[in-house]
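Note that the chains take the letters A, B and C in the order they are written out, and that residue 1 is the start of every chain.
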Amino acid sequence: MPATGEGNGKPGLTRREFVWTMGAAAAAYGLQDLPDENGIFWSPEPKVELGWAPGLEEFRTSTCLICPSRCGIRGRLVDGRLVRVVGNQLHPLSRGGVCPRGIAGLQMVYHPERISGPMVAEGARGGGNWRGVSRDEALTLLTERLRASRTVAGPESLALVAGYCAGSMQALWHQFLRSYGSPNYVADDYADGTDCVMGLMHGIRRRPAYDLEQASLVLSFGAPLFESWWSPLQAYVAFGGSDEDGGQRPRFIQVDARFSRTAARTQEWVGVKPGTHSVLALGIAYVLIRNDLHDADFLSRHVAGFEDAVDGAGATTEGYRSLVLRNYRTEEVSAVTGVPVERITALARAFGSSPAPVAVCGADVTQAPNGLQAGMAVHSLNLLLGRVNRPGGVIFGKDPPLAPLASPVLDDAARAGLTSQPVAGPGPAFGTGDVASRFARAVAAGDGRVENLLLYYADPLASSVHPEAWRAALARIPFVVSFSPYLDETTRHADLVLPDLVSFERWQDAPSPASYPYPVWGVAQPLVEPQVDGIATGDAVLAVASRLGGSVAQSLAYPSFEELLKERAKGLFEIRRGMLFASEFEGRHHRQMEERGWWLREHDEFEEFWEDLVDRGGWTDLFHDFTDPAGIAQTPDGLIDLMPEELTRALVANGLDRTPYIGLTGDDAVPPADFPLRLMPYRVSTLASGTLSLERWLAEVPGLFPETLWYPWVEVHPDTVRTLGLEEDTMVWISSSRGRMRARLKVFPGTAPGNVCVPYRLQHPDGELANPLQLLDGPTDPLTGLAPWFTTFVRLDQVGAVD
Amino acid sequence: MVIDLDRCTGCAACEVACKSENNLATVSPEQAEMGRAMSWMKVISEVEGEFPNSTLQFFPRPCMHCDNPPCVKVCPVSATYLGEDGIVGQIYARCIGCRYCANACPYTVKYFNWYGPEWSESELQHLNPDVSVRPKGVIEKCTFCHHRLQKAKEDARAEGRELREEDFQPACAEICPTRAIIFGDLDDPTHRVATLKDDPRSMRLMEELGTEPKVYYLRSRA
Amino acid sequence: MRPEVRDRLARMHPDERALLRPLVETTRTFYIFAAILGVVVLWGLFAYYQQMRYGLGRTGMNRPAYWGIYIISFVFFIGISHAGTLISAILRVCKAEWRRSITRSAELITVLVIGFGAIQPVFDLGRPDRLLNIFFHAHLTSPLLWDVLSIGLYFMSCTIYLYVPLLPDLALIRDSGIKAPWLYRILAGGYQDTPKQRAVLERVIGALSVAVIPIAISVHTIIGWIFAMTLRPMWHSTIFGPYFVMGAIYSGIAAILVAMVVLRRVYRLEQYFKDIHFDYLGQMLLLFSLLWLYFTFAEYLTAFYGAEPAVMRTFWAKVSGPFAVPFWAMVAGCFVIPFGLMARKATRTPGGTLVAGIAVVIGMWLERYNIVVPTSVNPRWELESIGHYLPSWVELSILAASFAGFILLYMVATKFVPIVSIWEIKEGREHSAQEVSRRVSEYLPDTPVLTTVGDSK
């Protein structure tokens, strides 16, 4: 109380309020010493000790690295803390949109379970005892180990398993392994078989891009465009259309064996029996050809194999047309796929008469026992309508024209090492197949002498289809190094952990996903100071290289990964096309200029260019040359091949005696008596591969329908639930011949009776793994070597009843 | 606010953006099981029909900011009120936690802090300092990102100009990848929402109750 | 009992002797019961401490089941409180002479139970520390505020209404010196029971009994309105005001009956609570069971005919869905059992009324449950998922403690005030027999003057 008396108290404070405040203060004072930090007082206010005052606000541009989409983001910083992720409106692909994972990426930075610094396993590996070491010690340890092995066991004793790796990080690892002398770059990445399809038919081994934004009709065969596709944001932006209402929006039709979120939200869903997407595609082809809806001109100029061919000896080989007309009559297709005859005809007519349709091939088409041919069948629809290298069609994207890394310097040891056989051994007839599993099996079988294994963005014990092979392989490898920022399943079995900085803390480049038609080079710059004592793996590799000295150091003479990126960006500065990220309007303008062969220089100095590039988020070139024949096919004869001879040879070589496009009768496997249900694993949009499974915001929204939180679940048709005598919302075991996992039962009428849909979800809240991929037991496609994800049969049992 | 159901893919970016922007506390799995998870914006789905004829509609559902809000009428202490700008706000420091408003709201958009929020040391780092953190025992709900309006107004005043449509966008509208959420002043004819609300596809939830929601939905074209 | 107390008692009027004995004589059973109830109360306090410290999360409530046991108990206890005041006031106003021995016990129930009712919403508050905001930031359109005001008024008037008729008895105790003279000196004030004071007293009581009736009616009407003023299915109904008042009186009568049977047995008051009292109150119970049926039927029939989808979801949830058991148990408790027993004179005995009373008390608790919970868990918007509500141990403990606390206080109160109004009994004996016959004769036509038949000519 001021000495001058009550009348002179603070103006706003009445006497009653004053007494009240004093009373409350006294009470608070009296109670504050109570032993419990929760406070005995009615309502302890939340403990927020950040000096809760508006601070200095700053926005910094970067790129989201959480999935292949690589969307543009901006980080909102207050007093140096990253408090929010918002979209970058200038990014050509994402246009300011961000998916839930991108927003929740914030929680990856401040994740309570991040590894706090480099550490070394003490005692038995996997025993859980760790000793913290300094970054320098860790780098030295790794360098010494690599140096010693290189001379004793040879450079091929080093192997890298790289899960999530594109752009310059991939280039850096390749350069490192090459100059060290190891051929064992083991990619554990996103092979889905579509690149094999394109390689076979177009002679271009590249995953196709789809120009969704300019398409008028998107017919997706099982590609979960709105969930876990290469770039859900690309699909979202196309689906949203332009802001002006009434503006053109493509129509989306989803062919899917599951009532997925994509199926639910596209304008039309065609529910098919599992594994029959390709049959439906050929059924549509039948109607197109029958009704002369196909583009005969395109077919005759650019496509081989459509008509029957007569060879020198006069023997005819049936072409695509005859095969389809003979084998895919609508009634038969209807019986196989379960789609009514009229629906097939209507679909084909809609597709054939739309001005700019495109057929998108999803991984569930290709990851099947006859996946390669199934993929070709779906893609053939694009060929029938000449939808290749056209606006709104299939396009072969180009990589951004970066300056290459300095060419590697190889010493004798390196040269010798590089000639040795890669441990993973030869792949399948087409594509690379599941290299990681081949590698693990080979190591487990004692092939090669892998002394040192580096794990970059890979957690095979949790995510691989063959964790047992990995367990055996790890037991045989003396020294395992993990770069993971989190103590994931495989990192627990490492000898040395050099935690990477998470994506919002480090420099990285981010080329756009293969599904996007235009080259985009996004840059991720640190949004916050590192929250732990980690080291960006790019910098770690450069540091180890420089310490190793010799050819390795000479090949990687960059002071930091940031500098490396900057060097590469010089390629963009000099190329005289493209532009830095800009508004939609400016982008259109730029495209029109380039169409006329003009290009405006924006920057004179590289430094300015670089600064501006980082500030706006990246570089892109929205011009695509639709007249370039190399954009259609790069086969020797320049024609797209509907009936590649290579395929026929491979079929015969594998004892498969199948003609292309024949034998796609769908998956008519009869479920074994003790495993009556078909397992359909899928990826929910909020939870990608393992990385994000622990984030709390996402744990509260993973399943929108059936609505469920936190726990892994399994979707079952109500009738199936009833016949099995199970109860909704209880825990069940899902068992296949290979193993079992626990999940909560959800009744969902959108699931076909007899199927069970199980999302990949790495963990239960208590940490127990729940990965349906580890139940898979079907036969692999011998042509692509890809594991079939949709041919496993399972059984459901109430948890408790069978323990 | 206008939400175009024809564009909404149910991706839930709005939901997570709101959690991040407004410091929504997450609850443990057990609490979530009990129905105590909080989500000011909630993407609700309606599934009809069985395989292969299922259809679905997503309804992203924030507070409707009713013009005739039943929740406001019943609050004994005016801790929830209809502001001049049309936003139905909450005064957390005054709320006595009776949950009468929650029962009165026909749209069930009010969330109660059954326990105090629990932030791990690391989570505290990403709290948004513009938004107060709610203590235990009070009701909270979507505020149309009111703090952003205040900030936008201040900025506009500082620059001596009128508030523009793009100055004030709530977190959910800003992030929506398909731009299904459109935000603006319904009474300002230059704003897009003012025309969209009269679109033939436009409707409001439970309009028959007379609550006069300020959130309009544009029906799916299907 | 000390000898001098025994002596004094022996010298008193037989009514006084019988009715004051419980004040000075306490059995072991009483202490045992009191101890058990005390433990339950302490346990409830511990439960509340848990809730206070950690938050309402300790209860079973959730979204959308925002309200649970506390609100049920609130409505229930305030309902019971209509026992006393309303019954006794109505009976007084109607000059029902048989009321004399039962008013006191009823009024005591009222005053003691209001407190337990009024505290329930406080248990329910997320921020009880901000309770006073109701006054600092009063928002007049909120039925909750009306409720606070009307309950406050009700509590005050009931206390006065209990206290004023107590004065002559308190003075009697003071003057007899059988118990804590200092206490009764304070309680009885300067009341000397002079004829003049007595006349004033009776006039005040008369006025109070008239005033208390509308207040009591308003209280439960407003409680009904708390629900009815929302748009929730099966709450938003105009019948709720009168329905709640009727239900309150019903449960009040049931509670008095139960209390009377117990008091009659433990304090051997057979002479005061006679079979005729049970018969009369039983008839009232019968009447109210029919009223209850009528109101309930009217409520459900209107809901059913409106057939609004949102309403029907709640309707079926109660009638044949997950709440069918509490619903039909309620029908049994509120109608089938009491009607069956009270319709026959043979079962309108103390034993019969006890059973019926207990059935009604349980039935009325269930009625409140059936009002609060099914609607809570069935949100109006059909896409919102249906909730579930299971009370936690904290809520159940506090519920048990509230019952225990009420019974305990009632027991203790019988040790301080005579449970039957002594002066009214005496007055009844001394004056009312004549008064009644005078009154009855006033009702009758005046005795006609005898005339002979032949005169009419």
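The rule is short, and it goes like this: a contact is a pair of C-beta atoms (placed from the backbone, for glycine too) under 8 Å apart; a residue touches a chain by one contact, two chains touch by 3 or more.
Everything numeric here is computed off the predicted structure, so don't read it as measured data.
In terms of Cα centroid distance from the overall Cα mean, chain B ranks first. Taking A-B and B-C together, the pair of chains sharing more C-beta contacts is A-B.
Averaging Cα coordinates per chain places subunit A and subunit C 68 Å apart.
Between subunit A and subunit B the centroid-to-centroid distance comes to 31 Å (mean Cα coordinates, whole Å).
Chain centres here are Cα averages; for subunit B and subunit C they lie 44 Å apart. Multi-chain contact residues, meaning those touching two or more other chains, occur in subunit B at positions 45, 116, 136-137. Of all residues in subunit C, those that touch two or more other chains are 54, 127-128. Looking at subunit A, residues 43, 707 sit in touch with two or more other chains. Contact residues on subunit B toward subunit A in their complex (touch as defined above): 7-13, 15-17, 19-21, 26, 29, 32-33, 37, 39, 43, 45, 47, 49-56, 58, 116-117, 119-130, 132-137, 171, 174-180, 196, 199, 221-222. Every residue of subunit B that touches subunit C in the complex is listed here, in rising order: 31, 34-36, 44-46, 59, 70, 73-79, 94-100, 102-104, 106-108, 110-116, 136-139, 205-206, 209, 211.
Taken together, the subunit C residues at the contact with subunit B in this complex read 54-57, 59-67, 121, 124-128, 130-131, 133-134, 136-139, 141-145, 148, 226, 229-232, 376, 379-381, 383-384, 387-388.
Contacts from subunit A toward subunit B in the complex involve residues 43-50, 52-55, 78, 81-87, 94-100, 102-104, 106-107, 109-112, 114, 226, 232-233, 236-237, 239-241, 243, 245, 259, 261, 264-265, 267, 269-272, 338, 531, 685-686, 696-701, 704-705, 707, 709-711, 717-718, 748-753, 765.
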